[in-house]
Structures are given as C-alpha cells and as structure tokens.
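Pasting a structure here, questions to come.
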Amino acid sequence: MLEAVTNAALTNLLAPAILFFALGALAGWAKSDLTIPDQAAKALSLYLMLCIGFKGGVEARVSGVNQDLLASGALGLAFSFLTPFAAFLVLRRLCNLERTTAAATAAHYGSVSVVTFAAGSEYLRAIGVEFSGHMAAVLALMETPAILAALLIVGSNARDPGTTFKPDLWREVLLNGAAVLLIGSFVIGLLTGEAGMQKLSGFVAGPAFQGALCLFLLDMGLVATRRLQETRAIRLGLVAFAVIWPILSGIAALFAARAVGLSLGDMTLFAVLAASASYIAVPAAMRLALPKADAGVYIPMSLAMTFPFNLILGVPLYHAAAQLLGG
Amino acid sequence: MNLTPKKKLDIFIETHALARLEAMLGEVGFKGWSVFTGVEGSGLHGAWRQTGIVEGEARLVIAIGTEAACDAALLWLADYFKSYPGVVAVSDVGVMRGDRF
Amino acid sequence: MLEAVTNAALTNLLAPAILFFALGALAGWAKSDLTIPDQAAKALSLYLMLCIGFKGGVEARVSGVNQDLLASGALGLAFSFLTPFAAFLVLRRLCNLERTTAAATAAHYGSVSVVTFAAGSEYLRAIGVEFSGHMAAVLALMETPAILAALLIVGSNARDPGTTFKPDLWREVLLNGAAVLLIGSFVIGLLTGEAGMQKLSGFVAGPAFQGALCLFLLDMGLVATRRLQETRAIRLGLVAFAVIWPILSGIAALFAARAVGLSLGDMTLFAVLAASASYIAVPAAMRLALPKADAGVYIPMSLAMTFPFNLILGVPLYHAAAQLLGG
Amino acid sequence: MNLTPKKKLDIFIETHALARLEAMLGEVGFKGWSVFTGVEGSGLHGAWRQTGIVEGEARLVIAIGTEAACDAALLWLADYFKSYPGVVAVSDVGVMRGDRF
Amino acid sequence: MNLTPKKKLDIFIETHALARLEAMLGEVGFKGWSVFTGVEGSGLHGAWRQTGIVEGEARLVIAIGTEAACDAALLWLADYFKSYPGVVAVSDVGVMRGDRF
Amino acid sequence: MLEAVTNAALTNLLAPAILFFALGALAGWAKSDLTIPDQAAKALSLYLMLCIGFKGGVEARVSGVNQDLLASGALGLAFSFLTPFAAFLVLRRLCNLERTTAAATAAHYGSVSVVTFAAGSEYLRAIGVEFSGHMAAVLALMETPAILAALLIVGSNARDPGTTFKPDLWREVLLNGAAVLLIGSFVIGLLTGEAGMQKLSGFVAGPAFQGALCLFLLDMGLVATRRLQETRAIRLGLVAFAVIWPILSGIAALFAARAVGLSLGDMTLFAVLAASASYIAVPAAMRLALPKADAGVYIPMSLAMTFPFNLILGVPLYHAAAQLLGG
C-alpha cells in the first residue's frame, strides 16, 4: 500500500504541471525577479474555470442528469456549509485563533480551490481513472455555502457597530465571478453538448489546457512562496491545521461519497474538493463581510500551505485512500 | 494664470467599495474624479500585492472639488474607515475654470 | 420561411459563442463582479483581427484577385462612405439628435464591427455556407470611410473655434490600429498563402479561434450590459434606430450585393458588415475629431443595442433574407 | 532636509493627446514627467471605464517644475481644454536638488 | 472635519529598488504606503515607456507620514538618487485619525 | 553561393513571423496607434521562453547528455564571458563610447536574444535542417556571463563613490527571470521527457508557438521602430557596430563551433546566439549595476538595429556561412 502511494506520488511529482509549480516556488524562494503579469494570471484563471465548467457540462449532458449528480451535488453543498462549523471550533480551541479570523479561515476550508480540482482531474486522467463531468458542477456548488456558514458563525457583530456602511453582501457572495463563470460554463456545456465540444475541444482540453495549467501553477508557486516569506509569524498550530485538516476532511468526504455510492474517480475528486481551500472567492467575500478578520492568517494558510500540500501529496493520497475504501 | 483654490482628495480604498464611493462622491457634489489601480501597498491591515491570483487590491481615487463637497465626503469616509481598510489625504490645489468643479 | 428563420435563429442561439455572450450579459446585468482584465480583452481583440485578416488573405490568394473582390471592395467603400449621410438625416430629423452627435453616431453605423463579422462567418461555417476570404479585406476597407463622411458632414465647425489645438487627425483616422492590423494580416496571408496557413492553421482557425471568440464575447456581454446600466436616459427613438437601421442597411446591402453578383455567403457577410456598427475604431476617432459629440449616445447604441441585436437575431435574419433574394 | 519649492501639475487627459502634451511639457521647460493610466473616471463629459473593448481611457500626467514652466503649460492646457475633456490641478511641493527641475 | 497635518511623499523610482525602498519606509516610521505603476515618463536619464519587451519601468510610491519619518526617508533617498534615476516631491496634506500615520 | 543566400533570405523574408515583424515596424514608423498591451507582450515573452526551454529539455533527454552538449555549453559560456572584453575595446576605441556605457553595451552583445534564437530555430525547421535540443540550454547559459564581464571591466567604480546604497546585484544577475524560466523549463523537459511532451506538444510547439511568435514579433516591430524614432542622435559608428559586430561574432562562433565538431544546425544556432544581443535580461541588470551607463545607447542598438538585422538577414547569412564552412 505505502509503496503504491509513494509510486503514485512520484508519478504526480513528475507531471509537468507539478514541476512548474515547484519551479515557481523555487524561484520565489530564491527571490528571482521572475513574475507573471497580474492580468495574464487573472486571464489564465478565468480560462481554466471556463474550461472546467464547459467540459463538465458537456460530459454531464452525455451521461444525463442522474442520481449520482444529485447525490454528489447535495453532498457538496452539505460539506461546504457544515464543515466550517467544525473547522471554526478547531481553529478557536486548538489553534487559539481570534473569533472573526477563525470564522473567515473556516470558510476558506469549507469552500474549494479550482486549480486543486484541475490538478486532481489531470492526475486521474494521467493514471486512467474515469470520473463524471458533473463533478465540475459540484465544484461550483461548493464555492459559496461556506461563506454563508462563516456569516452565521460570526452573527451580527461582523462589522463595527459604530459604522452605518452596509456592503452589498449577498450579491458579492452569491454572484462572485468564479461561481458565475463555473456554473455558466457548465450550463453552456450542458446546452451545447457534443456539438459544442467539437468546436471547442482543442481550446478547453488537451495541450492548451495543460499548458495553461502549467503556466498558472508556475505563478501559483511564485505567489505562494512570496506570500509565505512576507508572513510575519507563522504559528505552528496553523501550519498543522493547514495540513491535517485537509486530510481529515478528505477522508470524511471519502466515507460520505462511498455511502452515496460514487465511483472511484468521483470519490477521489470529492475528497480533493473537501480537502481543498479557496483562495479566490472566499478571500474576496471576507474582505467585504468580515473586514476585521486577518488576511495575513487565512491567505498564507490556504494559498501557501494547504494548496501545495494537496497539489503534491494530497491528491495521490486521497486517491489511494479511495481505493482502499473500495471505491 | 488665474487659479481658483480647491481641495483634492487622495482616497486609498479597496476595490469592492468603489461603486459606493463613486456614487457618494457624485451625491455630495463632486463633478468628477479619476480612479487608479495600485500594484502593492502596506498599511495597518497588513501588506498586499496585486498578483491576479489572490486579489487583494487597492484603488486610488483622486477627486478635486469644493471644500463643502470635500467635507461631506470625509464624513462618509470616516464612517466607512471604522470598519474597512483605507486612508484619505486632503490637500490644497489650484484649478483653472473653477466653476466646473 | 418564418419557420426556417426561427430554426436558424435557434441554431445560432445555441452556438457556444452566443451563449457566452448571454452569460456575460446576464452576469453584468446581475452586477456580478466577474470581469475580464482589460489588457486580456484588448489582446483577444487584436488576436481576432489578426486571425480574420490572415485567413482572409490566404483564402483570397487561393481564389486569386478576381472581379468579385473588386466589386465587393468597391461596394464596401461606397456603403461605408455613403450610408452615414442617410443615417445622419434620420438621426437629426427623426431622433432629434444634436448635430455633432448625430454625425458621430452616423459614422459608427457606416463603419463595421469585427466581432459581428466573426460571428457571421462562424454562423455560415456552422451551417455549411461558403464565403470568400476577401470579405475580410472588405471588412478592413469599410472601417474608415464612414469617419471621413462624418467629418464632411460636420464641416469646419468640428472643434471649438476658439482653440488652436489641431489634432493629428489623418493619421489617427487612416492608420487606426484595427485597420492596420486587419489589412496588414490580410496582406501577410496573401503573401504567404497556403505555406503560411500550414504553419499557423491551428493558431488562426479552429478551436483556438472559436475559444477566443467565446471569451471575448463573454466580455462583450459584461461590458455591454454595464454600459447600458450606466446610460442615464435611454431615448426610445435611439433604441429604435439601433435596431431598425441595421435591418434596413442590411437589406439595402443585400440588394446591392445581388446586383453585383456576389455569392450567397458573400451577400450575407456584406449585409452583416453593412448592418454592424463600429465600437473600436470610430469611437477613438470621434474622441479626437468630434470631441463635442456625446459618447454617452453612440457607445451604448453601437455596443449595447446594435451589437447584441446583430449577434443574436441579425445574422440569421440577413442570411435568410439573402436566401429569399436568391443569392 | 533642504527643500526647494516647486509646482506640481496633475493633468488628467485623454490618451490621444499624450504625445502632444509631452512635447509641450518639454518645450516649456519641464525636465521630467511621469504618466499613469486610470481605470475609470467621471467628469463633465460623462463617465468612462477602461475595459479593453471600448477604449475610453484617461491618463494622469504628473509634472514637477518651475512656476514659469507651469504657467506656460497652463496656458497651453487652457486652450486645449476648450475643445477636449480633461482637468488640471496645480499644487505646491518641495523637492531636493532643486536645480534639476 | 478635524484634520491633522502630515507630509506626503511622491517618490518616482525604478522597480528594482522597490523592495529596499519599502523596507526603509517601514524602518523610518511610515505605517503605510501605496505603489503605482507608470506607463511612461521622462527625466534627466532619458525617456522610458512600459512595453512588456524592454522593461524600463518606474513606480510611484505614495507615502503619508510624520515630518520626522519624511525627513529620514529624504535622507535615504538623497543618497540613493546620487547613483540612480528618480525624483521625490514633498507636500502638505491633512488626514483624519492622525495617530494612525 | 550568393544566389543561395539571396534565396534563403527570401524564404526567410516570407515567413509569416518575419512579415509580422515588418508589419509592426511599418505601423510604428507610420505612427499608427496600434499597440500590444504591455502585460500581453510580457506574457507572450514568458510563454516563448517556457516553450523553448521545455522543448530543448525534452529533445536533450531523447539524445542524452553527450559530448556535444558539454562542448557547446562550454563554448557558449566562453563566448558570453569573453566577447564583451573585445566588444568593449572596439566600442571605446572605434566608436568613442564613454567607458561605462561601452561596458554595458558590450554586455548586451555578449549575451543573447531569445526571440532571435526562436527565429533561427524556426528558420532551420522551415528549411529542414536538424539541430540539437540542448542548444536551448546553451541559450540559457549565455544570458548571464556577459553581465559579469561588464562588471569586471568597469571594476569598482561602477557606482557613484558617494553613495552607500548597495543593490542586490548577484541575485538580480544570476536569478534574472529569463534565465530562471529558460533553465527551469529545460530541466522540466529533461525530467518529463517524451511523456511530458505528449501532454504539452500542442502547447509548446506547432501553430500555437508559431502564432505567439508572430504576435510577439509584431510587437517587437512596433516597439523597435518607436524606440528608434525617439533616439535623439544616432551615431554612425554605433550603427556600424550594431551590424558588423554580429557578423564578426557570428563567424567567429562558426569557426569555434566547427572546431569542437558541432553539426550544421547547431553551428548555425550557435552563430545566431553569438550574433544576437540581449534586450531583456541585460538591460535590467545594467539599470541596477551600471546606472550611469546610457540606456539611450544600448537599447536602440540591441533592440532596433541588431535585432532586425539578425532576424531578417543575419539568420540566413549565418546558415549559409555554416554551410560554406562545411558544417
């Protein structure tokens, strides 16, 4: 078993995308002046979401709206909304995090990371394990509920009582760009099906997607290491949380996924989603909703600790565990 | 050159508040403003950098107007800054065609 | 006949590119924070022009410089230069638009929209109707004459008589980036022919082009709706013009195109060009040449009314009409 | 610190006039300036936003120089602004190495 | 509005010195600053333009702080500008919540 | 022979990439407002480096680490480090350049241009001449030594003695983004080999690469001409250097390459590298290390004179000379 995991991890490690992440991390760590222009990075990230949503939609149309889709969708919503409550308790009690920051951090871990999902899918593709297109919809569904959970946790004292400024919270939360683009592309994939795929296959899949993922991961490596270096005091408890929580969350997700009867590939991807932490939609929402929460805690945790862990070790680990569980 | 004294606001503020801020500026009497994107910065709420990945980003809003408009905007900003990051600085400027401000 | 049009419109509606435009429009309308970085949008638009020009040039080389090319080129120049005079009269008399703004708006409608042309070509490709590569040259030729027409209409009182500042008008008008890139790429396509196409086919055509068009139309949807929402008072007369003028102009173009004997596909594309309104080259020229014209009128009209109309309904409509006319 | 008083111009202007403006600044005696891109703005001529599609865009030109250079630039701008959108604000600044301005 | 007088630095500097400059600002007592990217400019060392190919680019660092912090920064900058391109301008501004600067 | 060179030059001239460069140059010269957004240009340049490095690494893995690699690597290091001393003498004595500026300019000519290398490779590919993947590593190795040479030449009086500011020179020089990305991608190509290439082939090679090169060269044309127009006084001696030095350097490189027994393709590429001048890594290093050197001299020379010369005439010339030398 251990050998299998090690082999799998090694295969994963030698994927170009992972190596480009490592290159970025190394360059950032050595303080090279290599940088990807911010608008190019943003465009890449939109492109990746468009591809993931669209491909998922096309595949979901092929396989039809079935019970698996409903089951995994419901599971995704539940995980995104419920796990932040548990994460909050752990962050408060065991990591001694201040209340608002704990809630904001919990929201990050309830929500998901698009690129971790992409890396997970590519891993499965590389080792020849099938998965359902509708997992892209689950990804989209899991972006937002965690934010609501955090708002519930903090309750009415989210903002300074003295202020009269009321942000347009619901719009930002429900209509954040990532969720809109993922769901929208999924629906477009659903509507256009194979005909649409024929037109766009070389754009949304294959080398173009792989290459964009490499470039984006290169930038993620640069940004993550730089962010880590700027972080003043890294508390051990938070590092532990950033690595252990994803494992626990991923394993819980595997059990739940098996219970509702998902396939091996879908189980793995669901674990990847549960284990991943947001670094796009949730930080944006938190700046608006919980401005007193410390971004110097949740950004380095999700971006510079949990993300690399999942990318490099987590993905093959969750897949090995899914196999063990007989997915 | 015949210049009229006016006030200039340099407002550093997060992107999400921009639409609200601009609406307010219009309401309190500013007839114009311009918005710029920062690339990085630092403040009491920590440092940020625009990377395209984690989008912590701040905008600089420059608004030139009358003292009255300026005071009203400062009132709004004082309230806003109770909860949210950002700073504002006021300075004296001279403008041509003073009635257009 | 009506049924045929409806079916065609439906086919068009289910093209991924159109659906992405709708997604953008919806997201913009719901005030989602989804945005495409401006430099990425600009780069996409340059890329689309390069592809259109180059492909047109290669195809024109294959078919040779023939009478059709000369006829459609002359027709394009004539339409671009002459229709603004008629549009100006209508905008002045029926829509009560102020003189300078009417002239500027007329110039927008005499000129053309590259993306509408791209959408029209893709529509024809999708339904299997052939068209000539040199229509891309006609597109390029039609960009500029309308601007000259507007300058003639307004005459010497274009700028404040009190000012001594003289903008570098001719350069901006004749050498605007869009025209230079389109014509330049066309010529490069002509020069390199099939050999060049072999090198670049996967870059300028197929999924790459389709995908870029989708992404750009997503952004067009976002920008168009946002622009519309910011427009203070939308006057009914102008909305009517923005929809009816393209139809009239398109139909006039069909008759003219049939008269000179263009093929069905070329007729359709020529109608699309005549019906489309510029939102890149002409606004830039107007800011320079007619600064007193109200951009709050001509931008929303061409970008947020005429463009979506042509994209969604106009293109299949002009094609159906071309069939009726026995093209 | 020993500072020399100079004038600072903040010029908001459309992109198409940039080359002319810079040439003028050099001619009237400015030894340097810097140009920034705005992302959105509003004024008497309406609101604009840089989208990459419809390119309504304004630039901010910051030029620090002598009072004489500043007056000459204002004269040019007064003429320019008769036809074209834009505003300019003048303020007092202190600089080191005053002779390099 | 009750405003406290502070100093504002507008520092035009090449990108490669940015990290050093920001570290210095923090050390001499600035509690915040913001950085902007220029698109082109001109000075004694010639003209530059940001093209993405040859990357001559300058940044504008705006830092608002106390007179003492400002003086210390000027000292550092005077030394830096002996070798490297760039200029700095100092101006008076008023801020709210003066103790946060 | 002359006829062969002329024919070769003509073939080169009709490559789409070269024509796009000409288009850009023409548009820039005519002061068209065509511009490529700077972040898009930066992203394109990073993309090109990633592709060149990666492809080189994959091919180097296929052919194995052999003597050729070591020989050409050593030769590259030597040329990059040693030629600046000679160039410095020429620039001082014959071109009367001021000491610091002469050293900085010499560094540019010792170092290399990635896009010239790309154009050279494409030229060889087009005429069917093979070359080794490890030439990409030679490219990367040649970026930096020339900078060290310039520092040695200028010695301790590089910066104003009055200043106490010490830039972080070594990091900037050794870890400049271009070198890191090239070497990193090369290593990733080495590690992933054919498996990696299978995933990324359509991204790093073929039409995608060709198209990106066209777009980038279009921008190079625009930027180069604009830069030239802004250059106050162009001194004849410097123009002569910008054209003659590459030829001499290229021929010297051919002799050296033949001496160590490189193949015809590798000889040509090594000559291209020796003849090319840096306009990314070296200017950045010089701004830091030799701020008193005049960028108004070395940028126009390397970007607007030597680059076009090599691109259009140099590449076929060096290849013809390599053939003459019996490569």
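Note that the chains are named A, B, C, D, E and F in the order they appear, and that numbering of residues resets to 1 at the start of each chain.
One rule holds in what follows: contacts are C-beta pairs under 8 Å (C-beta built on N, C-alpha and C of every residue); 3 or more make two chains touch, one makes a residue touch a chain.
What you see is a predicted model, and the numbers here were worked out from it, not measured in a lab.
Q: Spelling it out: a chain qualifies if it touches subunit A and also touches subunit D; which chains qualify?
A: The common neighbours are B, C.
Q: Show which chains lie in contact with subunit A and also with subunit E.
A: Both subunit A and subunit E are touched by B, F, going by the contact rule given at the top.
Q: Between chain pairs B-D and A-F, which one is joined by a greater number of C-beta pairs in contact?
A: It is A-F, judged by the count of C-beta pairs in contact.
Q: Is it true that over half of the residue numbers where subunit D touches subunit E are used by both copies, so same, or is it different?
A: different
Q: For subunit E versus subunit F, what separation do you get between their C-alpha means, in angstrom?
A: The computed centroid separation for subunit E versus subunit F comes out at 35 Å.
Q: Averaging over Cα atoms per chain, report the distance between subunit C and subunit F in Å.
A: Computed from C-alpha means, the inter-chain centre distance equals 40 Å.
Q: What are the residue numbers in subunit C that touch two or more other chains?
A: 33, 36-40, 42-43, 168, 172, 202, 208, 284
Q: Residue numbers in subunit E touching 2 or more other chains?
A: In subunit E, residues 16, 36-37, 39, 52, 91-92 touch at least two other chains, as defined above.
Q: For each chain, which other chains does it touch, given as pairs?
A: By the stated definition, chains touch in these pairs: A-B, A-C, A-F, B-D, B-E, C-D, C-F, D-E, E-F.
Q: For the complex, give me every residue of subunit E touching subunit F.
A: Listed in rising order, the residues of subunit E that touch subunit F are 14, 16-17, 20, 39, 45-56, 79-80, 82-85.
Q: Of all residues in subunit A, which touch subunit C in the complex?
A: 37-40, 42-43, 46-47, 50, 54, 168, 171-172, 175-177, 180-181, 184-185, 187-188, 191-192, 195-196, 199-204, 208, 284
Q: Which positions of subunit D touch subunit B when the two form their complex?
A: Listed in rising order, the residues of subunit D that touch subunit B are 10, 12, 36-44, 58, 60, 70-71, 74-75, 77-78, 81, 87-92.
Q: Please name which positions on subunit A make contact with subunit B in the complex.
A: Within the complex, subunit A contacts subunit B at residues 36-45, 159-160, 162-165, 167-168, 172, 219-220, 223, 226-227, 230, 279-280, 283-284, 287-288, 291-292, 294-296, 299, 303.
Q: Applying the document's contact rule, which stretches of subunit D touch subunit E when the two form their complex?
A: Checking each residue of subunit D against subunit E gives 1, 3, 6, 8, 22, 26, 31-37, 59, 62, 64, 91-97, 100-101.
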